[in-house]
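Structure in structure tokens, see below.
For reference, chains read A, B and C in written order, and residue numbers begin at 1 within each chain.
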Amino acid sequence: MTTPSARLAELGVTLPEVVPPLAAYVPATQVGDFVYTSGQLPLRDGELTAVGKVSENAEGLVHVDDAVFAARQCALNALAAIHGLVGIDAVKRIVKVTGYVASAPGFSDQAVVLNGASLFLGEVFGEAGTHVRSAVGVAELPLGAPVEVELTVQV
Amino acid sequence: MTTPSARLAELGVTLPEVVPPLAAYVPATQVGDFVYTSGQLPLRDGELTAVGKVSENAEGLVHVDDAVFAARQCALNALAAIHGLVGIDAVKRIVKVTGYVASAPGFSDQAVVLNGASLFLGEVFGEAGTHVRSAVGVAELPLGAPVEVELTVQV
Amino acid sequence: MTTPSARLAELGVTLPEVVPPLAAYVPATQVGDFVYTSGQLPLRDGELTAVGKVSENAEGLVHVDDAVFAARQCALNALAAIHGLVGIDAVKRIVKVTGYVASAPGFSDQAVVLNGASLFLGEVFGEAGTHVRSAVGVAELPLGAPVEVELTVQV
């Protein structure tokens, strides 16, 4: 079986440094067989990959394609948080993805956006990446991020 | 003790087919004693029971009564997802309900809406249906749904 | 080691009465080593400590400082809910905080607001208060509350 770390290497993906929390909390924590991550923003090298609300018709807003990419970045940062705590190869299963999409009025493709995270997790973990998911459209996210993703995994 | 499936029959409720996920995830998953569902929309025979944001004064919006019914439909779909994975009679307890209500400005009766889910779970599971709950009002939901509900149950 | 109840006494904090649920659910529930709380509003003696959406520039809105205080009140009510179920000294660890901030357009300091909850939990539980957290900005909350907080703890 290919390990998650080997699979990441095959995909040419390097886990980033753990994004420091914005405040008084930690990136990931373990209780028994579960590891929980904090809500992850699409930060890359300290900057958001996109800023603003997501819309189908993106005049001054975040285009769906960029939001899909941002969701993938959130998932990558969540994996980095897990890797920093228990090592990525300790993950037996991705259990749950909760995704919040800062949504312009009338935008209802939150599921499309979150596929950026879900499909990436499938690429890395295969069958073990199959998860339940809730996708909701929210008013505002920290720092003006378009997407926030949290993971629950089994280790 | 009446089983949940017997109780559903008494109530005249038939569990629907599992609603296929909108994207790259599964309807329900089990880890140890827990089963988690994906966020469920109020789909019935492939169509939303109501579309739009919830308001007290529903001109062109979703009336609270229709949102209450939609929340019940979400809960029913969640039970179908659980039934498809482990069988409804394996449920020992409804642990947690998280409910998102697409809310028109100024609408603050999210608790009333979610009672459509909570009371239904009480009807089916009795004491074992008693759960914790978070109800929040969000900007937008997938497909323009007025409500989304996810469950955590103990099996 | 100082117990959480001793630490609360040192801080001069008295756990309030458990806030009765708005509807058909319970304030807290236990499954194995986990206790989950319902989403808690900043109710104190039956009234919200603040009402409305949170903004940096609070003309007719809730100022960030008041929202920080409201988040602390939510956390306090969550501890009361846990205390009512298992006793506060049974808490081994605060695992997870999910915080919803009713956000005026353009408000993106949800992390600052939720620090009102996170820092308070750190004061009471010390190292055991370290948790993961998701902070999101939502459209509306029950009763017009500015903040809602739910906890997952290990007992």
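Throughout what follows, a residue touches a chain if its C-beta (ideal position, glycine included) is under 8 Å from a C-beta of that chain, and two chains touch if they have at least 3 such contacts.
As the structure is a prediction and not an experimental result, all values here were calculated from the model.
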Rotation, 0 to 180 degrees and nearest 5, that superposes chain B on copy chain C via CA atoms: 120
Same or different residue numbers at the chain A/chain C copy interface, by half rule: different
Rounded Å distance, chain A centre to chain C centre (Cα mean): 25
Contacts with two or more other chains, residues of chain C listed in rising order: 102, 138-139
Touching residues on chain A, where the partner in the complex is chain B: 33-34, 93, 95-97, 101-103, 105-112, 114-115, 118-119, 122, 130-139, 152, 154
Interfacial residue positions of chain A with respect to chain C in the complex: 21-29, 31-32, 36-39, 98, 100, 102, 138-145, 148, 150
